[in-house]
Amino acid sequence: MTHDYSTQELMIIAAARQIADGERIFVGMRLPITAYGVARLTHAPNAVGLFESGVARYEPADGMLYTMCDGPNQLGAAWTTGLIQIMGLLSGGRVHAGFIGGAEVDKFGNINTSYIGDIDDPKVKLPGSGGAPDIAAMAERLVIIINHQKHRLVEKVDFVTSPGFLDGGDARKKAGLPGGGPAVIITDRAILKPHGPEHEFHLASIHPGHTVDEVMANTGWDLKSIPDLGVTPEPTKVEMDALHHIDKDGFWRS
Amino acid sequence: MSLAEAVSTHVQDGCKIVLGAALENAVPFAATHELIRQGRRELNMIAPISDISTDMLIGAGCVTEVTGAWVGNVSGGMGHNFRRAAEKGLPHPIKINDYSNFTIGMAFFAGAYGLPYVPVKTILGSDIMKSNQSIKLTEDPYTGEPVALIPALKPDVAFLVVQRADKAGNSHIWGSTGLTQEASIAANKIIVLADEIVEPEVIASDPSRVLIPGFGVDAVCHVPAGCHPAPLIGKWQRDNAFFHHYHKETRVPDGFDRWCDEWVRDLADHDAYRAKLGGELEDLRILGDVPSAPANYATE
Amino acid sequence: MSLAEAVSTHVQDGCKIVLGAALENAVPFAATHELIRQGRRELNMIAPISDISTDMLIGAGCVTEVTGAWVGNVSGGMGHNFRRAAEKGLPHPIKINDYSNFTIGMAFFAGAYGLPYVPVKTILGSDIMKSNQSIKLTEDPYTGEPVALIPALKPDVAFLVVQRADKAGNSHIWGSTGLTQEASIAANKIIVLADEIVEPEVIASDPSRVLIPGFGVDAVCHVPAGCHPAPLIGKWQRDNAFFHHYHKETRVPDGFDRWCDEWVRDLADHDAYRAKLGGELEDLRILGDVPSAPANYATE
Amino acid sequence: MTHDYSTQELMIIAAARQIADGERIFVGMRLPITAYGVARLTHAPNAVGLFESGVARYEPADGMLYTMCDGPNQLGAAWTTGLIQIMGLLSGGRVHAGFIGGAEVDKFGNINTSYIGDIDDPKVKLPGSGGAPDIAAMAERLVIIINHQKHRLVEKVDFVTSPGFLDGGDARKKAGLPGGGPAVIITDRAILKPHGPEHEFHLASIHPGHTVDEVMANTGWDLKSIPDLGVTPEPTKVEMDALHHIDKDGFWRS
């Protein structure tokens, strides 16, 4: 099968579709900021992008960003202010969605970016949380982006940096978390969504060219599928044109 | 006052230090280097995110405690010294006090404005509440709902890079500021690294642009490009190559030592550092002029 | 959108309203007048201090609850309508929710940033803790010391005067801002009274001057001198004589009614109010130009 | 006896002497702001003036102010910001002194600016607290300015808006108040200071031309004197020159 898009481009388009018009989104760098740009150029022209350091933007920055604090992300911003003002929107329940990644995610959508192994004697000390726990706790919904490997999609994370549905069922609600929790996991092989009263992540669609067996073999828990399992819709021409308009250098093509 | 003098006067071993709190811009790397040169020990480095600044200090053996939300290399990912210290106790073990960005913000806010603690919901469900034992899980007495208490955090010294200041430390900052205001007001002492020193009239022409007034400042140092390799809005671009180079060179302890000798220990001060960077630094200097629309403060 | 339309669309009887939160400047008196003209009832007026704005609304019978730290006439002292309502129930009784300035600040801060409450020490010992029953005296669980909890306050609608805004409500404000940012972010709806409407490029030239971004704004009204008789930095001087005149005229209920007919009810809108003021208003217009030093946002 | 200063001028100079060099002072309008200006021009050139609306100044404003928010108080200020930033200095224990007035003050320095009579059916509803309780609770010391009349200096205030020593003794400490409490009451007849372990306000000095009997007759409690009761020192020429430099129109002369 030939596709004139890369896997990463498919992931970007899938992520862009998670943004509705007029929404306030915690964007983050790299793949999600590109997805935000595509959404703005296609179906969500009035979305607002938020960055933890204290930046809100309408139009995404012109040019490549290494960090959210780089000059191009501040020039012409809607608002350059403090962390409390921007993350306070989250705490105040005024943010629709946030994108986050991680080293590990488990079947209930809990994310680890802190410690692999024992916290007092970690095998790997990861950089830490940044603002991800705040986003995971408070945003109406969370979009998780991660590479689909068995050691990344695990039965249970070693450390819950950013809470998903915790132990499943009503555990998240009982813990007092106001936000809706993770709505989707977008990987390089498939899309997973929470299903049923346990909120366990199920296979929701498989990217073109991949198989259920392959996806299951690369997942660290006994992955079930939703009843109407399908194939992830391919990017439309309009979406790809928008992506190419942003990604002029073809960074995401390979 | 020279930065060397400010560090030797105001920073003792064992201090709780904020080296920038704007996240990835305006990081006072010149102060990072000076702390290493002066061999400060047992520091507790406090910041939401200060890019590779914290990693350098850990590698140089200056740090026994890290308080914050993220330590790494924003360009390269992991911070090798941070990993070695946390995983293998090299050069020696560090204690890690985990926060999320919003909760460390509330800890600084409480420290700045005299609140004993701040109750938040944003850290509920996270294991950070277990790893950071200063955070208390309790009940909101109004609703009975769970709420986490974040106690006030009061650094001993905060170093801040500002675009311009007058000699008295009245400082203008623009662009996103992260927790700069809260962290500095919470601190017992404030040391300003001014990229440019201007006449008092320039600062006084716009008191709403002041983030840190001079009456709270303990030392003002004129340190052009004191943020390098981090960016400073309207002054310096980010030196992305420098971050990648650091990441590559510091994969092993010997590599870090060589890097640290070359870029810190073997240089007398920030002037020598700038001279060593030479044209690479000049290429990062922002030469364009995209001025803000004026605000009028006339009274009649 | 006209201010009349903004009020009729967004304000219902019984709403909790903030009419300015900068204390004595940038008070949106034009909105005060419009609420009186449209006969809103049972409002809860929330503000640290809004000079005679609250007194006018009480006299016009719009208010059943006052939440704040101070109601009066900064030039004249007492607010006669406030006194009559509190002492004699005229035109009808009002409930008073007392705060100090800092504690109402913390209540707005909590409302803005999703904190259920904020623990403070600044109100300890004051009988305000008895008169305002939402404030709870409790113990700091870290130290056992007394601390007062101030629960979050979330207004329904906040009216704000800004020096300039674009059509989308992105707003520049300078000079002291009191609780403008916290009160407006805490509010469910924000209505901006822009003294001047400018091109989006003017606002975007200085995103650090933005106090209220457009994505949080529900209506933008172009209302020159909407602050009169309060001052607006760089735009309008304070009309001190007007405050004294109001104080004198409103000593008795009949006097207030006459004043209110003449200055509010008999005028169609703020244009008519400005026309009636005529040269008196022009004398208050700030004609001088004392511009802020520019900030550079260039990226290379 | 002739003096070439008015009573109000004497009060201003007495108030100015309460400010030490380098201190951060909550100033307020009218008499205290003039006192602040005199202090800056004489013995306290590095004092900093704070205003609740969000203003900090070195030099006092040029010209007459009706409110702290007036343009002249903002032009050339050290800092124009928000209320939380300025009053937060107070809450954070970084303010040396504050000036406040009131309708009533009692023998323990408690101040009422809220309700005269019963709170549920007040005889007089006063404008309210503003930031006075915060200043009274937190500043290292409080300077109270009030006219010396029997109904203003009372045995016990009807409502403690701004706490002094509450019921006296260690009541203030027990209530958890961090600031030092009222250090002085400056009236148009005398200066009162707290004395002894009860912190009851005692007569500390009498203004020139006034008598102990007159002061006692105009005080609502059984006013005692400190052992070394004296006469309030007259303004010096330097102080009066500074005052006249500020008060060019002679507002405070009569």
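Letters are used for the chains, namely A, B, C and D, taken in the order the chains are written, and counting of residues starts over at 1 for each.
Note that a residue touches a chain if its C-beta (ideal position, glycine included) is under 8 Å from a C-beta of that chain, and two chains touch if they have at least 3 such contacts.
Just so you know, these numbers come straight off a predicted model, no measurement behind them.
Trainee: Averaging over Cα atoms per chain, report the distance between chain B and chain C in Å.
Mentor: Each chain reduced to its C-alpha mean, chain B and chain C end up 37 Å apart.
Trainee: Centroid of chain A to centroid of chain C, CA atoms only: how many Å?
Mentor: 40
Trainee: CA centre of chain C versus CA centre of chain D: separation in Å?
Mentor: The computed centroid separation for chain C versus chain D comes out at 28 Å.
Trainee: Which chain B residues touch at least two other chains?
Mentor: 106, 114-115, 120-122, 145, 147, 174-175, 181, 208, 233-234, 237, 286, 290, 297-300, in rising order.
Trainee: So which bits of chain A are touching at least two other chains?
Mentor: Chain A, residues with two or more chain partners: 55, 70-71, 74-75, 80-81, 84, 88, 90-91, 138.
Trainee: Considering only which chains touch which, how would you classify the arrangement: line, ring, star, complete or other?
Mentor: Shape of the chain contacts: other, as it matches none of the listed patterns.
Trainee: Tell me, which pairs of chains are in touch?
Mentor: Chain-chain contacts present: A-B, A-C, B-C, B-D, C-D.
Trainee: Where on chain B does chain C make contact in their complex?
Mentor: Touch list, chain B to chain C: 106, 114-122, 136, 138, 140-143, 145, 147, 149, 151, 163, 172-175, 198, 202-203, 205-206, 208-209, 233-235, 237, 286-300.
Trainee: So in the complex, which bits of chain D are touching chain B?
Mentor: 24, 48, 55-56, 58, 63, 70-72, 74-81, 84-85, 88-94, 138, 178
Trainee: Going by the contact rule set out above, which residues of chain C touch chain A in the complex?
Mentor: 111-115, 170, 181, 185-186, 204, 207-208, 210, 213-216, 297-300
Trainee: Applying the document's contact rule, which stretches of chain C touch chain D when the two form their complex?
Mentor: 22-26, 48-49, 51, 68-72, 74-75, 77-79, 82-83, 86-87, 96, 98-103, 105-106, 109, 120-128, 131, 145-147, 174-182, 230-231, 233-234, 237-238, 240, 243, 286, 290
Trainee: Under the definition above, what is the set of chain D residues touching chain C in their complex?
Mentor: Per the touch definition, chain D meets chain C at residues 51-55, 66-71, 74-75, 80-84, 87-88, 90-91, 114, 119, 122-134, 136-138, 159-163, 166, 172, 175-178.
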